[in-house]
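Data first, discussion second: the structure below is written as structure tokens.
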Amino acid sequence: MNNFIDYKLIELGQWTVGLFNDYPVVQILVHLLLATLPLTLVFMGAFGFSTWLERKGLARIQNRLGPNRVGIFGLLQPLADGIKMLLKEDIVPDRSDKLFHFLAPVMLMVPAFIAVGFLPLGDGLMALPMDSAILFFFAVGSLNTIAVFMAGWSSRNKYSLLGGMRAVAQMISYEIPLVLSAVAVIMFSGSLNAQEIVASQQIQSWLASGNLVKEFFGQILGWHIFKPWGFAGFIFFFVAALAEANRSPFDLPEADSEIIAGHLTEYSGFKYAIFFMAEYISAFAIAGIATTLFLGGWSGPVIAGLPWFIIKMFSLFAVMIWIRGTLPRLRVDQLMGYAWKFLLPLAILNIFVAGFYYFAEQQFGSLAAFIGGWVIGFGILQTAAKGLSRLNKSPTLDGKRVYQLVE
Amino acid sequence: MPARGYHLSKDELGADILEVAMGPHHPSTHGVFRMDLKLDGETVVDLKPIFGYLHRNHEKLAEDIPYLGCMPFTDRLDYLCGMTNNWAFALSAEQLIEIEIPERAQYIRVICAELTRLINHCLLVGFFINDLGALGTPLLYALREREKILDLFETLSGARMMVNYMRFGGVRCDLPDGWLQECERIVGRFPAFLDEYETLLKDNEIVITRSQNVGVLTQEEATNFSITGPMLRASGVNYDIRKVDKYGIYDRFDFKVPIGAHGDCYDRFMVRMLEMRESIKILKQAIADIPEGPIMGNEPRVFKPDPQETYGRIESPKGELGFYLIADGTTNPYRYKVRPPSFVNLTALRHMCIGHKVADAVIILGSIDIVLGEVDR
Amino acid sequence: MSEVNHVLVTQQFPEVEWEEKNSCFIVPSEKATEVVTWLKEHPAFRLDYLSCVSGADYLDSEVKTKEKNEDGKMEVTITQVPAKMEAVYHFFSIEKKTGPVLLKQRCMDRDNPVVQSLTPIYRGAELMEREVYDLYGIHFTDHPDLRRILMWPNFEHYPMRKDYVIPNDYDYEPTPHDEVIERARERRAQLEGGSM
Amino acid sequence: MTVAFYIMAAIAVLGAVMAIALRNVVHAVFSVLLFFSALAGLFILLLAEFIAVVQVLVYIGSVGILMLFAIMLTTKVTGDPTRKLLSRGWAWGGLVSGALLLAFLVPLITQSKSESNSQLSNFNPSVKDLGLTLMDPYFASVGVIALLLTAGLIAAVVAASSASGE
Amino acid sequence: MSLIAKGILQGMAVTAKNFIQSYYKKERLPTVEYPEEKSTVNQFTRNIPFLVYDGEDEIEGMRCTACKLCEKACPPQCIYIIKDTDENDKPIKRPKVFDIDSSVCMSCQLCVEVCPFESIRMDSEFELSNENRFEGLLINRDELLKSNEYYHEIHPIEAQETDDRIAAKIAEAETKKKAREEKARLAAEAKQAAAAMKAAEEAAAETETSATEQAQQSEAKAEAPEDNPETKNT
């Protein structure tokens, strides 16, 4: 049953390309279309579904019903929102930079959709099979900083300027821990190519061994998250990913309680919808990359391939929603301090721990390395974290405050 | 700790000061209240509060209406705690004419006041965390609990918020049967909600980093700024009017007063959480030994006090709510002055916000707990 | 009302008079700061908490006092009370937890009432004094920034004064009272007249 | 392939010219970013994936943002329209630079042996071999560059901290 | 802040609990979907007032006697009454016009306290919006009049109390009327007895009849004491 769906999809692709054998130029076009069109459609649908999922999830967390009027269980709500956005008047402030006011949403959507191309959806199912896929993902990820700044600067409004400045500072300072926590994984799996990273997380010997139980666990136990440096790396990666996608504890650029909607204040109508979509799709892309690097991409026990990838991606997105429903927001300077003085040194330390783990595995075999790694590696990281937060004098360490009850 | 109160017309790097009007229509100003902020980058350099958007001249209105007619207007002062506003006005008006208040009415007044304190504090904590950015989840839990208590008020006085329930010398109507048992059930279940609320918020790292050492107010500053209520107690001053004036029958209940030590936003949030637990203790005792009997003293046919002036005050959930009444022998009050706690607590806003970031200014305003109906009167 | 030993104060400051009926001190404006700082430090009072500042406006009025003279007949004497404006201060002591001490600054002429501001001593009085200035027109000397607080800046009169005339700016309201409807019709006619 | 090359080259030139010609500083920086992305496109055309990635990551991702930050701190954003763009002596300057350009370019184009880019097609370096070559033969140069960068970083930190006096 | 932030995880556990319990616990999902299911308005709610009338005919059974006490007591002055006059314009105890401006009324229920004839009561009807902003919100007398049965339906306990109070008042008025009749009857009887006796013994000695007559009158006056108006209870 493994990768059954992926092979079917690849065959379908080859079949459609085969249709145009006698017109070579058209064939190249169809080949390119096949690589990009299904991806955009799938992820637009995923965006629609995720808005519904977010609103329903948040509602249930807050003990209310969430949208249930449009369609059964409110499933057509994203459609309704889309149409509403289309009909809304598109106000452009007169003193704003018309050209860049218009360009900002476009500039934000382009990297979002390119980044989605690098996700290894299934065995061989990759829109842009490049050798350095992961690196290209991070490069494209850094583009949306410019788009957010452009939006903030061009709408000529004090709040959006503040939002733009915050966004640029936040995204730059969280890109580095993001990349560094991925370095540990790349160092281990030996290549930047997404397919090889996923392959390195499957225990090949068990897979080939034929007996069902071994095959079942072979797909799971190899994931990087079960290794000490993998688990710590996953925490750093996920925290940095939240900041990169402007999601909850770090949604400072459009902190609605302080600077109204940050860089989105002056946008209305479909431009706002495009911003919204670009943000969700870049959140999906980062969740996808997190599953590829740490949760074993599309490898999974029974229905390996595309279904597992989608389940993992949506579950990570659900965790993002869960966090959005619970946590308050960090302040700008704390955000910066947290990135530079806490995440960055720990990510670098994590690379060293991964290195020692690699050599320990060579010397004492994987089981001993596994146990030793968890005890020593994770211990080092934990003490480093405590030391660092004491170094930054973070108030959470000054212990519980005692309140006396006076007569 | 950022340098306190430094004044710069141009910041170091020559970029000019950004003037932002955090205007009447802003998601976190708890009503129509405007702050003219002068920002150097993200840091607040100067702050000018602007009031008056909700000013209805409540005091002029009351001068040509009989005393009893002013009672429904007191609900509109601090529209979150109707009962305590009524009680404050009733208390100061009762000083004008000798009226003895029956036991049962005193107990009902204490029960209603403490229920209002529960509503106000859990709502305030919800709004405070909402300003921190937690997208309404704690606020909606608080609103869910508030609904139950508002239903109690609806059955008792007929309206959820505009209760108009207290009269000079007692209360308007008696407790409907079954009300006390229902109230006991709700108060019994409140500590469980408070525990859940505290685990969600108390030692949440982000709440701690965001609100500790923010908007600090020392003891001397607090007394000098005439701050009252939980804000004063969070700075370490032990001054609770229920204990000082011993008005009503508060001296019969044993309850403690929580005192903070640092006087920052986190302490104000924690003092309010602990005060809710104290209110539950009072409520339990009051419900246990409420006597039977009349609910209205011997109220004269026409309320016509002879010329004098009096100042009655109670510990409303936001601070000291006082009524300064001058009577001139006619049925209308000659001068009717409200001493609103949130209006006076706002004097310290500018002092606390200078030197902090924009995000902190929003939280400090949230921790003061203002309601614009009371600020602008 | 805790017993306020006013004797201490009147000895210390001869020009402060003690009004028994409303148990408050009448303090002339120029001595106000001195009296208040003395009250704040004095161990017997220690009034470190200013609770409330309010204005009061009295027009010329005559007070009819009825006493029973010798042969038991009610005899009415009318005493003329001159118009005055007052700024009333309520002080409490947080330390000693004692009751309110009233302090009034009275000024006789209602056209330009000037009173000493206590904000330099009690920072809490800043907004309250600005409100009294805004609604009553009592001018507070050396107040940090005395400007209108509740009314919009270019509002001329002082609404809480007894002789304040409510302007006739009634747009049409559905109230059934006829005189309200007449005033609305009158104003509309005046508007049309004006705008024609 | 050649059509794509010409489009990319045209965008690059357009970006570069606009960077100089535009009055508004922010517009100028954005056109520089356009120029960088056109360059990245050219690198992809030359199948040099890794360099294209580095171009996008380093130049557009951080150098561009650095320039934007620098602008944010200057007060005057829109250039003053009074000053004439083309000062009096532009004609001579243009002539001299055109001549120099031609003097260099023409021999270069004519001499390059126009054999097909066959050698190019089989030389398709994967990132692994790039990493390996960087490490063993060129290890010294990588070390020097690393040293240089860290020195620059420390200098920046010292400059920043001394300026704000913390 | 150690690697795993304990406080944050506890907080997320609480929200997860709420998320899961909102599916099966009623207490965690209090939403009432308004147009479909209306939350039961409890009998003590008060909104805009209405006038009560007994029996079938509205005008006849109206309890209100246009005494204008509520118009004086209403703080925002939103009640407006004009007394009714019959053909030869003699004022009769009934309001011709009784308007309440529902855009001004703040349902403070002071008019109910003041009304001596228990005629104005608070309704619990809250869907009062309509299109016309001016005339639409002005409720006139006919819309205000609602039957006593309707009053029993929305506020059963309060209605029952009011009925008992009215019944008590009527009973008391009865006894007073009976007392007055009885006194009148006694006085008439005394007069008759005096006249009869006078006619019979006209000729008899004048003096002793006048003496008995006087005694009878003083005794009749003492016999019907004037009962003081019982105190008004609220």
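For reference, chains read A, B, C, D and E in written order, and residue numbers begin at 1 within each chain.
Just so we're on the same page, a contact is a pair of C-beta atoms (placed from the backbone, for glycine too) under 8 Å apart; a residue touches a chain by one contact, two chains touch by 3 or more.
As the structure is a computational prediction, the values presented were derived from the model and not from experiment.
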Check your understanding: Per-chain C-alpha centres versus the global one: which chain is nearest?
Key -> B
**Study point:** Distance-maximising chain from subunit A - centres being C-alpha averages
**Key:** E
Study note, to complete from the structure: Per mean C-alpha coordinates, the chain lying farthest from subunit B is D
Revision key, fill the gap. Subunit B to subunit E, mean C-alpha position gap in Å, rounds to 36
Exercise for review: Take the average of all CA coordinates in subunit B, do the same for subunit D, and state the distance between these two points in whole angstrom.
Suggested key: 62
Exercise for review: Compute the distance, rounded to whole Å, between the mean C-alpha positions of subunit C and subunit D.
Suggested key: 74
Check your understanding: Any idea how many Å lie between the Cα centroids of subunit C and subunit E?
Key -> 42
Check your understanding: Where does subunit D touch two or more other chains at once, residue-wise?
Key -> 72
Check your understanding: In subunit A, what residues contact two or more other chains?
Key -> 61-64, 325-327, 394, 396
Review point. Can you list the subunit C residues in contact with two or more other chains?
Key: none
Exercise for review: Note which residues of subunit E are touching subunit A in the complex, please.
Suggested key: 1-4, 7-8, 11-12, 14-16, 18-19, 22-23, 28-31, 33
Revision key, fill the gap. Given the complex, residues on subunit B that touch subunit E span 65-66, 68-73, 137, 141, 144, 147, 151, 154-159, 162, 164, 172, 176, 196, 199-208, 296, 301
**Study point:** Touch list for subunit C against partner subunit B, complex
**Key:** 21-22, 48-52, 54, 56-57, 88, 90, 94, 97, 99-100, 102, 122-128, 131, 135, 148-152, 159-160, 164
Review point. In the complex formed with subunit C, which residues of subunit B make contact?
Key: 51-52, 55, 57, 59-60, 221, 223-228, 237, 239, 244-245, 308-309, 311, 313, 320, 322, 324, 326, 335, 337, 339, 343-344, 346-348, 351, 376-377
Exercise for review: Could you pull out which subunit E residues touch subunit B in their complex?
Suggested key: 1, 5-8, 10-11, 13-15, 17-18, 30, 42, 44-46, 73, 75, 106-110, 113, 122, 157, 232, 234
